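Order as written gives the chain letters A, B, C, D, E and F; numbering starts at 1 within each chain.
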Amino acid sequence: GLHTLCGAGEPRARNGLAVHIFICNTSMVNRCLYNSDGDFLIVPQQGKLLITTEFGKMLVEPNEICVIQQGMRFSVEVFGETRGYILEVYGAHFELPDLGPIGANGLANPRDFLVPVAWYEDRQVPGGYTVISKYQGKLFAAQQDYSPFNVVAWHGNYTPYKYHLEKFMVINAVAFDHADPSIFTVLTAKSTRPGVALADFVIFPPRWGVANNTFRPPYYHRNCMSEFMGLIKGYYEAKEEGFQPGGGSLHSMMTPHGPDADCFEKASKAKLDPERVAEGTMAFMFESSLSLAVTKWGLQTSNCLDKSYYKCWEPLKSHFNPKCK
Amino acid sequence: GLHTLCGAGEPRARNGLAVHIFICNTSMVNRCLYNSDGDFLIVPQQGKLLITTEFGKMLVEPNEICVIQQGMRFSVEVFGETRGYILEVYGAHFELPDLGPIGANGLANPRDFLVPVAWYEDRQVPGGYTVISKYQGKLFAAQQDYSPFNVVAWHGNYTPYKYHLEKFMVINAVAFDHADPSIFTVLTAKSTRPGVALADFVIFPPRWGVANNTFRPPYYHRNCMSEFMGLIKGYYEAKEEGFQPGGGSLHSMMTPHGPDADCFEKASKAKLDPERVAEGTMAFMFESSLSLAVTKWGLQTSNCLDKSYYKCWEPLKSHFNPKCK
Amino acid sequence: GLHTLCGAGEPRARNGLAVHIFICNTSMVNRCLYNSDGDFLIVPQQGKLLITTEFGKMLVEPNEICVIQQGMRFSVEVFGETRGYILEVYGAHFELPDLGPIGANGLANPRDFLVPVAWYEDRQVPGGYTVISKYQGKLFAAQQDYSPFNVVAWHGNYTPYKYHLEKFMVINAVAFDHADPSIFTVLTAKSTRPGVALADFVIFPPRWGVANNTFRPPYYHRNCMSEFMGLIKGYYEAKEEGFQPGGGSLHSMMTPHGPDADCFEKASKAKLDPERVAEGTMAFMFESSLSLAVTKWGLQTSNCLDKSYYKCWEPLKSHFNPKCK
Amino acid sequence: GLHTLCGAGEPRARNGLAVHIFICNTSMVNRCLYNSDGDFLIVPQQGKLLITTEFGKMLVEPNEICVIQQGMRFSVEVFGETRGYILEVYGAHFELPDLGPIGANGLANPRDFLVPVAWYEDRQVPGGYTVISKYQGKLFAAQQDYSPFNVVAWHGNYTPYKYHLEKFMVINAVAFDHADPSIFTVLTAKSTRPGVALADFVIFPPRWGVANNTFRPPYYHRNCMSEFMGLIKGYYEAKEEGFQPGGGSLHSMMTPHGPDADCFEKASKAKLDPERVAEGTMAFMFESSLSLAVTKWGLQTSNCLDKSYYKCWEPLKSHFNPKCK
Amino acid sequence: GLHTLCGAGEPRARNGLAVHIFICNTSMVNRCLYNSDGDFLIVPQQGKLLITTEFGKMLVEPNEICVIQQGMRFSVEVFGETRGYILEVYGAHFELPDLGPIGANGLANPRDFLVPVAWYEDRQVPGGYTVISKYQGKLFAAQQDYSPFNVVAWHGNYTPYKYHLEKFMVINAVAFDHADPSIFTVLTAKSTRPGVALADFVIFPPRWGVANNTFRPPYYHRNCMSEFMGLIKGYYEAKEEGFQPGGGSLHSMMTPHGPDADCFEKASKAKLDPERVAEGTMAFMFESSLSLAVTKWGLQTSNCLDKSYYKCWEPLKSHFNPKCK
Amino acid sequence: GLHTLCGAGEPRARNGLAVHIFICNTSMVNRCLYNSDGDFLIVPQQGKLLITTEFGKMLVEPNEICVIQQGMRFSVEVFGETRGYILEVYGAHFELPDLGPIGANGLANPRDFLVPVAWYEDRQVPGGYTVISKYQGKLFAAQQDYSPFNVVAWHGNYTPYKYHLEKFMVINAVAFDHADPSIFTVLTAKSTRPGVALADFVIFPPRWGVANNTFRPPYYHRNCMSEFMGLIKGYYEAKEEGFQPGGGSLHSMMTPHGPDADCFEKASKAKLDPERVAEGTMAFMFESSLSLAVTKWGLQTSNCLDKSYYKCWEPLKSHFNPKCK
């Protein structure tokens, strides 16, 4: 099933987003969906998805992501227990960020986004094929007696696509200091206020950490964005315990946060040799300039709320010495 | 003296730039200059400059740079043999580049630019003080009998400033691949075509090199910018021999270039462990979207042209094997 | 009376629109209205409107449209059974579209928009004159003892205007292919996202159809806009039966649609000589990037819903032959 | 306490504003607030505020205003009966207006905005310190055992600031005619539609009135903005009676308004010598392109609604003489 | 004749301007001119011009200005000794400045620009009518046997226009301080760099001066614009002697300047009552972001150069007292 | 050989264009060219071109055009007498025009632009291969002993391309009136002034003419663009005689022009039935906002100047009858 965890805005205003969780083990048979409200960015975390679209088929496995845009019909086949995250945006499409001084190459390169090879079927479905539309947050169904994947020719570049997160060309500080997480942006859905994202998709991939004279984990901060984090595999460096693959955390705007006490102690004392960071791990963030509200499903129904999350910061001690120079 | 090496456009069109070389060992006494044509970005390479301006004094040493904008009166004191580079731009001011996904911190941070502490003198100069204006590329002089550095109060942020290149927070690839040199941009003077610089000031500071599966030096390229390189100290990695501190090289747009044969051989065989790059070195680039013409001084008078420069690429061999997989 | 049929957004957000239907046979006497929420684009379909405004009077007949902007007081006189459509937009004014390569002339030319000749009355109304304000979707009334149409002088260009749809300089494909309906845009109310309309007013006027090798009616499509169509007179080429003058149809975003089966058959077999299209007909479209919700009045109260509309497409047959070259 | 008087939009949409009234005579002790929703522009009207922030302390007295931005923790000390107005904006920060032909100086000059001198305390609070967050319009509290004003170093320019309204460099018509009130803009929070403000803060300070052949008070108008007016001290020229310091008036968009009958009579007959206007007075306006709704507190609970406000215009008489030349 | 005094850029680059002086006492008979290079802004200083254009006739007298745009044919009749100034711009048209917080009314109001009443003649000219084109700075002539003013109908708003400088709604500081001269902008020709004018036309009309605690004349400044001043009548407040109607002065960018010593003394001691400034005077400025070069005609041929201009500043004395508080 | 016919601006300023004519019957053998100055748009008129580039080979025949961008190496093989036109632009690339209300399809569709199939050769050239660079309008040569077409892999979309002019989806007036020629724009190179082209490439393809009550040929006009016309084949409707395939005409900005007398007579009397226009013909225009100067080659050396061109308009008679209604 598909559960909405948190969100802001709504489809009719063409300004907003929602974070959904999917958990399922049966495929869609003679049934397809199209989203009239916005675009889906799908992050499988367990099990692979064979997605049939009007543009062809995509096999999307964990550590890959895919985007299925507003209006495209698709049907999903799964193979056993499958789950993952979905970021839905209303009124904007995902695009590569403007790179600034990063120049013409780097981060997610356009050439690594894969689109399906064209495929169609000319198949009668006497028992009926159900086409479902998600419109203004509700589902509507129509019946027809043939497969909708009968598109034999098209042109343009409005296609679904997938991307393997290992292709990400990671850039970061190589002398000193800790860069903003925006340096890990894979895709962004821009708002109409320049420099402000409706939603960013950001990852924390395996990489070298080499900064000298620097606290290398994400530092403590209080900022103007909502941060929803998820974990595809491994251990997230800033909270190694309690944050599990398939889990999620939400840090709302303007409330300060940062690594847990454990991470702080370790990183404060570490010898700053070059070291591999996040080897075997893939954490990610859905970041938005809107402030998110959590649904009843997220707070209660799911029965998954970690009520002691805040305790990870309690052991943090003051290290301030006013006489130090 | 001040020698113009190359340039494009002209002051009257408010669109262009010039690269100058200065070599001198006497200070300006009871004499000051202001540039009515554009802004000076000064890169001392040997000897320090004590620059008196209407806003106060700045001591600028090698590995620092300073910017003195259009219209500001200044006088320079030197201490022995002094030389360096000047980038002059017409019709645009230098600013920090938009950072894109680098986010709110990184590269040259605003807080590291220093402006002079206010200073003035109320000094009569009976023998005459000479104020020189550079206007439309020519010099005009006026006499007065008092020091022009008599500004006792001002407000605003149109001030000269200096910056120490060691403060640059270096960002680069930390997984694989080689980023564009724009990732080293300190300051940019924008043209009116978005994304196209009238002139960029770019540096190659000491840093970690950690990219795996990568040819780490600047790769071979043919591009749409003019690249004037200079060296403040040390050895530039892509041409360790023949490119000396105080020297310069110009690679014009659309003609391919890259590391010399030596560098290519070494980098192709190197074991790709984390390593410090450019330790003890500071090379820089003035990069422009205009195509530069070299002056007669640069080609002949200076008697410094390296006519065998192109030979550094001759030993490069073809490594192509069509049967390789 | 005035009935709201469908809409999106709301006046307070200054972002939205509504489609209203008016049916009436009595004039407003000693009563006027002003809309504090947005602008009205009025499309009379039957009967003429004599509209008195503070700027003068306009007689608006079917095949003309008029725009009465936010805040203008107006009173309407009718002559028998009168009806039509109203498009209301919040937070944006209607303007002529940027013409792109169409150049300086074409489509609706500025010179064909007529504004009222100045007119006023200095009239006492002892029995009371009622001024009604539509504010945040509600109506508020105030009493005064004189006519509000007492404006004797003004300047500027914020005036109501009317436009005769016959003046539209129609541009279309003259070699082959079918152009987007945006090529018929009369007026547009822009959103703040470049290229995306809050609402467009588009017409399908009498014209020549000359494209060779082309399916000339609107082709089948599934798109990112909401399309509300109306008919002023005649027969709409893509649905000659069942779509009557005064009626309306709504095709929501992302659900595919196109000509009925009849139209498809005719157009597929037609000899493609130059022919007049839509002679004697005037259909139009209110097109929006917002997704519209239909009111209870539209779905039930009006008792006008055509529940078998979808059947017009059922006779469509597959013509696909995989072996055809 | 803090009472919301009127508003539009909401924090989650990052598009909106609210007008609050504060009346209190006790200080916040071991308690601070931060606003996760937007920025506060505070206009004290009676009593002074000693505001402690993470950036230092500010003493703000009537005729000064201060801005405390989203996310900043602050605590307020008062000295007796204290009251004033607050304008809160969501999704935009206040900035100085673009000056157009006013040029580089004028209106509120950047140099007159004061930021706190850095200050911190390293104070344990065994009984508990309460930190309150306003998030999506609700208040959330957290306990800690030390003062939050322990910031010993920071950089950047995201700081609270105050401004003395007497510093405003007033510009206005000096030959004839009455300029728009936007010429009195102190600060603006821009919407994403160019030229349209989410909210402007506008003042009517003491100044010369010299326009010849001109009705000098604000003329009668009907416009596209919501105007909330307040009075810090003195007598507002356009309504000398009944509008008291600490009071407020709201003129909604598109309903006409202007000076009361008294003011009209006086200004119509006045000899137009140069005269001082608003001497000893400071009225202001919160102006917005959104249409505001008044809260229940404003309409009922406060028991302060002036139900006969409209009567100030009733004595206005028609002066129109159609035969006059 | 027409003499070019100074300029920058050139017509072919569509970026530049020129300042011309005209002195003549004979009319153009059976001869007309059109400027293929750019637009003329004509400022008659003595004698009136009866200008016949394809759009009708305009009588332009001193204290009026007119603009004749690129490509319009016109012929000029004079009545005795006539002279004035012309500002020619290449690649941009004059427009009203964006008003910023001045709002919707003020400075030069659109309604005060007058366009000719349509007029034509159907006249044979057997002796030949000469049509002259100014193209790339040279004159080309063609013969025809009829009047070119045979345009019987046209539409659009690309028309010549005139403006009476007395209509200018002057806005300025009404509490204290001296505003930038841009506040007197009548018309501007924008460059492609936002906020930077190719050329502004600025006037200094009769007005009230009321600023308290202020040095009311233009203060001493050194700026990034070229300022060409002219005088239509009266006495310019900042240089009452030596600057005569019909004369001109050029202050190049970045060289400081200001009122003469006389003006300084008077204004420093003046009692700051409200006073009429520039009564009976009309001075103006052509201001440009380009740096102007003076022609040989201006420097020598005209025999009008005031070589002692700089002496007006020599009597200025230092008033600085470091001990003053 | 390659002859420059006319132009404006220059490569160093990155702002300008040139029109060249090529006439040749020998191929380039072991020789290639790259243009460091700008982009070539090549319009073959007689004979076909087999162009080898680093991206593959393109065969370009009359009625096709191709674009080879700045910096790309290419070599051309011809087959007998070959000639054509070249439009070179500096500082801008060609792109498809923004379509405005034409919508998402129409004019030149993206899908019809063809890029070469990748091709390379690994070929030694012992006798020497000459690589020529056009830099700042001069030619520079370098020798190497292998073919430069040795690129085995690349990515991105900076590739040469070709386009068949028959693919152009022609749009035009279908009720009445004559649209601007910009409606025929194939490709545009934008200047930095919005709406103003550095250069447009415009064609006049076979199409239907159906406008009623209209003078259908290009009307007489005087405009702000330079128009260089060429003819690939057939007869240009507005000048059937004297304008031959391979010829060219230049109408400079602001000098009026239009169809010849013959065309005027025919079109004025024609019965306005639907008719095919330009059947078998392909004329085109290079249109620029810069004013072009003709080279000495164009005026003299080529010996091709048609000195009686202006006579085609002499038989035009006045048809004006002031008494007509």
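Quick note on the criterion: contacts are C-beta pairs under 8 Å (C-beta built on N, C-alpha and C of every residue); 3 or more make two chains touch, one makes a residue touch a chain.
As the structure is a prediction and not an experimental result, all values here were calculated from the model.
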{"item": "Shortest contact path, chain D to chain E, counted in steps", "value": "1"}
{"item": "Chain E and chain C - chains in contact with each", "value": "D, F"}
{"item": "Rotational angle, Cα trace of chain B fitted to chain F, multiple of 5°", "value": "120"}
{"item": "Most distant chain from chain F by Cα centroid", "value": "D"}
{"item": "Remotest chain, chain C as reference, centres from CA atoms", "value": "B"}
{"item": "Copies chain A and chain C touch via same or different residues, half shared test", "value": "different"}
{"item": "Pair exhibiting more inter-chain C-beta contacts, C-D or C-F", "value": "C-F"}
{"item": "Centre distance in Å when chain D and chain F are each reduced to the mean of their C-alpha atoms", "value": "60"}
{"item": "Chain A-chain D separation of Cα centroids, rounded to whole Å", "value": "41"}
{"item": "Distance between the centres, which are taken as Cα means, of chain D and chain B, whole angstrom", "value": "48"}
{"item": "Of all residues in chain E, the ones touching two or more other chains", "value": "13, 192"}
{"item": "In the complex, chain A residues that touch chain B", "value": "97-107, 168-177, 179-185, 205-210, 274"}
{"item": "Footprint of chain B on chain E - complex, ascending", "value": "8-9, 13, 15, 192-193, 222-224, 252-255, 289-291, 293, 318, 320, 322"}
{"item": "Chain C - residues contacting chain D, complex", "value": "11-14, 34-37, 70-71, 91-92, 122, 133, 135-136, 146, 150, 152, 192"}
